[in-house]
Amino acid sequence: MKYTYLGPEGTFSEAALLSVPGADDAERIPSVSVPAALAKVRDRSVDAAMVPIENSVEGGVTATLDAIGAGDDLRIVREVLVPIRFVLIGAPGKTLDDVRVVSTHSHAWAQVRGWMDEALPEVDYLPSSSTAAAAVAFLDNEAPGYDAAVCSPIVPEQHPELNLLATDIGDNVNAVTRFVLVTAARNGLPRPEPTGADKTTVVVPLPEDSAGALMGLLEQFAARGVNLSRIESRPTGEALGSYFFSIDAEGHLDNLRMRNALRGLHRVSPGVKFLGSYPRADGKEPLLDTHHSDEAFSRADEWVDNL
Amino acid sequence: MKYTYLGPEGTFSEAALLSVPGADDAERIPSVSVPAALAKVRDRSVDAAMVPIENSVEGGVTATLDAIGAGDDLRIVREVLVPIRFVLIGAPGKTLDDVRVVSTHSHAWAQVRGWMDEALPEVDYLPSSSTAAAAVAFLDNEAPGYDAAVCSPIVPEQHPELNLLATDIGDNVNAVTRFVLVTAARNGLPRPEPTGADKTTVVVPLPEDSAGALMGLLEQFAARGVNLSRIESRPTGEALGSYFFSIDAEGHLDNLRMRNALRGLHRVSPGVKFLGSYPRADGKEPLLDTHHSDEAFSRADEWVDNL
Amino acid sequence: MKYTYLGPEGTFSEAALLSVPGADDAERIPSVSVPAALAKVRDRSVDAAMVPIENSVEGGVTATLDAIGAGDDLRIVREVLVPIRFVLIGAPGKTLDDVRVVSTHSHAWAQVRGWMDEALPEVDYLPSSSTAAAAVAFLDNEAPGYDAAVCSPIVPEQHPELNLLATDIGDNVNAVTRFVLVTAARNGLPRPEPTGADKTTVVVPLPEDSAGALMGLLEQFAARGVNLSRIESRPTGEALGSYFFSIDAEGHLDNLRMRNALRGLHRVSPGVKFLGSYPRADGKEPLLDTHHSDEAFSRADEWVDNL
Amino acid sequence: MKYTYLGPEGTFSEAALLSVPGADDAERIPSVSVPAALAKVRDRSVDAAMVPIENSVEGGVTATLDAIGAGDDLRIVREVLVPIRFVLIGAPGKTLDDVRVVSTHSHAWAQVRGWMDEALPEVDYLPSSSTAAAAVAFLDNEAPGYDAAVCSPIVPEQHPELNLLATDIGDNVNAVTRFVLVTAARNGLPRPEPTGADKTTVVVPLPEDSAGALMGLLEQFAARGVNLSRIESRPTGEALGSYFFSIDAEGHLDNLRMRNALRGLHRVSPGVKFLGSYPRADGKEPLLDTHHSDEAFSRADEWVDNL
């Protein structure tokens, strides 16, 4: 197996990838962006990509949501939850008192603002393309235009020579990012089997911009007792008010309630895309009433077939 | 073919039966009540029974709704609409001025009250078990305890010797009664094919007595674009507030939207009974949006099967 | 106070009326029919009428549902539940073995059919206009054309000289009939105060004959957490498929959730009629979630008013 | 009047602000971020702030959505639509062929990727904190670490000395950004009157993470005929799956359908925040059926009040 992830080395994406059995010893290629990582999956130069999809503080990772929904040839096969912790790395020789400019990815910056306001209220911010990139620049003895970088604790673990100024500087100790492992749709690898605690991800264009239209989509899930664990609106890019929805629903394609919900979705929005069924990272099983069990669906099918 | 109908001879039920191709020459046995007629179908002593199910003035014929729903071994194969007209038959030798007591079935009485209030305001009413029975008693030279009878125009057609006092005495000139031709479920006869303008009749117990529960049933139709042409509540007889619903839905069991609606119904109320799909008497085709066409359902099934 | 009820003396309606405090000593006038009883209320010749509205076995009393909904000048102020028991009265001198023809009201007949099939399988049935009427005819030494009558136990209580052949002959020992006490809308009498366990009765025309239209009505209740204890369809008499619904909803006009549901009903079906809020006979209080409490409604109103 | 906007000078935000009558001659202070701009409104150091809220290509501006919803003391009083066009500014003396590194805000970068892939396929990207900031750095004769900047056409208009390399480089010629003018809630200034073509913005926490819960919110609008022109999910930051929704609904607080929808929202999600009613920039009036007119609401209120 050959993997890619949102690089460079030392990102939370790499940490997520390392939790996949076997990834440790497999080939792991960093990508400069989510679209670049998914492009490698699509052209089969790697088998799978680990990319962030949702952050408990910052929300959906829009680059991933948009890139993953842009073709129907991808499948999510696994999700990984990574607790998000931040450390502050200084330029060589600098102390906390010397810090005037801090660089990091804008998502990370948003999650350490509280700490910064207290510890370094005067500091200026310089955006970077990734958390790890801002930190590892210090290794090259570059003078990168800033005095400190915010990054994941993995970076100083991998590079103990870095100048660690502070740890656990995240504002929200419960912050967690959800990553997904994405493969090509028809790559011959086995699909995740239903475990009883699964998720299914779909992307659905909203047929028209009305409360009724969105209710029409949601009803397809609700009417079959399928709960949603994530729902995000994204613009289609065509016009203001033109949306698609990225949805995680509880259950597996092999559950009859899910098959029926997907059938209903396809009828009201034929452009719906299926992005895979895979085990939930938290192993939480859905609460089902008897109307929505596989048995109730089978019995109903049988009854109608016998009429 | 052997038929029964709600007798005696001369009822609107017989008129309805005579509109069935071939019934003219077939054996036609009157039954004293709707349950008696359906019992003959169930024990195979006849092939089919013609019984009233709904009157545009009086509402559902509760005896039929209850009897027809009491087992799942019956199938409606045809509906017939009969315009309801009433005539007044006098006892031999009597004129309109002599009439003091009028007899007829209570449903008929309800439909001539306006005429009676004008023409015979002082008259007393004596209930009878059928409209025809009240009238034909005059043929036997009985002194049946009343001076006139309200019945269908068929009775004096069949018995021109009767003393016809008045015609078209119904209060509502648009009154119409719907009759259904009922057969046994597995009698080997061919089922009505879909025509594009069909009805499906079901009987559904209400799972619990709440607005939500009834909405849960109706949603199964609405979510598939299936319109209802009749919905009637009936008590189950077990307790106040315990109901079943008798429903005519537009479409045929062979339409995918109907199959799906029935599957959904069975899940939320597993005691649902299917009473047949048959051509509408008025030939009116349903208005369907593209989401609910057979094609939309097939494509959705295909899409899910290919995932 | 002056009352009327569905007579003659000895009916279940009279039994229901006698349970009203003070009715014992008040003037009580029997009426020959429900419409006649309600007409007395409308023309103020009585203060109130006790009429049956729903039977746990036979369903809604259609004469009452139709008559009560035909004008908006009536108000239900009380409901009474009467357990329905039947006795068999023989013609003077007759024994059970002599009975060939039994008379009673058709509703009563439907409820003793099981007993008859066992005890008197060969018996013929003769309809009568009320249960009491069939029985008391024996007092006049008439030869009414039948040998026995089915009626309420009140009749032999009031007339011990009657020939009681059998008691408790009803098929369903839990049978109960619900009666309502009906007054004129603006008669100056105090309205029933909310007790916490109330019902509100309305009559709503169905705007169009579709699953969606009925759901639109029901949604007005469901969206405010108002449960329904009775819902019955009745034809408007204009055409097949043209209905109104007679509905009992749990709660009182003074509950904010009910006021809001009624406002919503009026918007989707402006012909809705309010027939009163009154205490439930069974004293059962509704289960309410916090979203539907009076407090939630008040706070929401306040919030919007303050914007 | 004193205004702020998302600066520096030359941003699309300033362009939006300049379209407000009188803003031309008023004091206009740039802010470094949306939270900073809104903080100035909250502490009354300015009267109003113009900030971007939604981009037809990139979606909701999450910084604005989160900041604006974080207190209930703000009100949107106007919306402005600005067509988004991009130009490329080179460092002094550079030509298109010299460009190796391009800087701009990440939102702008996302909207010129197609053009870049064609014209400058090898180019590297350096994030900046605003489009204008990247471009005006060239004025200072800094060597900012990049050769070209993507910005709004306003920048070279204001600074004709800049080295304009290319115009109209946006991938989507219909791209438009929606800006809102935000004031303090109780600042004594007049509120926008209803015009017949208005919008109302609210922020609603999702009570629980289920399809049903979101439907419960949407139903409050749908049941009153209120259409939505924008709906966006945002994480509350507390946990994965914990959301609030930012919603633009068609209509004004003074429309009865909107007042009723807001009341309903408050009941199902008491943490709802009202962010103002204001005229639509496009002047499009909503399609209303008669059930949802102000008149239908008034008549329903009157009817219930008179019961």
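We call the chains A, B, C and D, going by the order they appear; numbering starts again at 1 in every chain.
One rule holds in what follows: contacts are C-beta pairs under 8 Å (C-beta built on N, C-alpha and C of every residue); 3 or more make two chains touch, one makes a residue touch a chain.
Protein identities per chain, from UniProt: A, B, C, D = Prephenate dehydratase.
Please read these numbers as outputs of a predicted model, since none were measured by experiment.
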Which chains sit in contact with both members of the pair chain C and chain D? none
For chain B and chain D, what's the span in angstrom between their mean Cα positions? 61
Could you tell me the distance, in whole angstrom, between the mean C-alpha positions of chain A and chain D? 25
Counting only residues that touch at least 2 other chains, which ones in chain D make the list? 219
Going by the touch rule stated at the top, which chains touch which? A-B, A-D, B-C, C-D
Give every residue of chain A touching chain B within the complex, in rising order. 219, 223, 253, 259, 262-264, 266-268, 270, 274, 291-292, 296-297, 299-301, 303-304, 307
Footprint of chain A on chain D - complex, ascending: 54-60, 62, 81, 106, 125-129, 145, 172, 174, 176, 178, 209-212, 214-215, 218-219, 221-222, 226-235, 237-243, 249
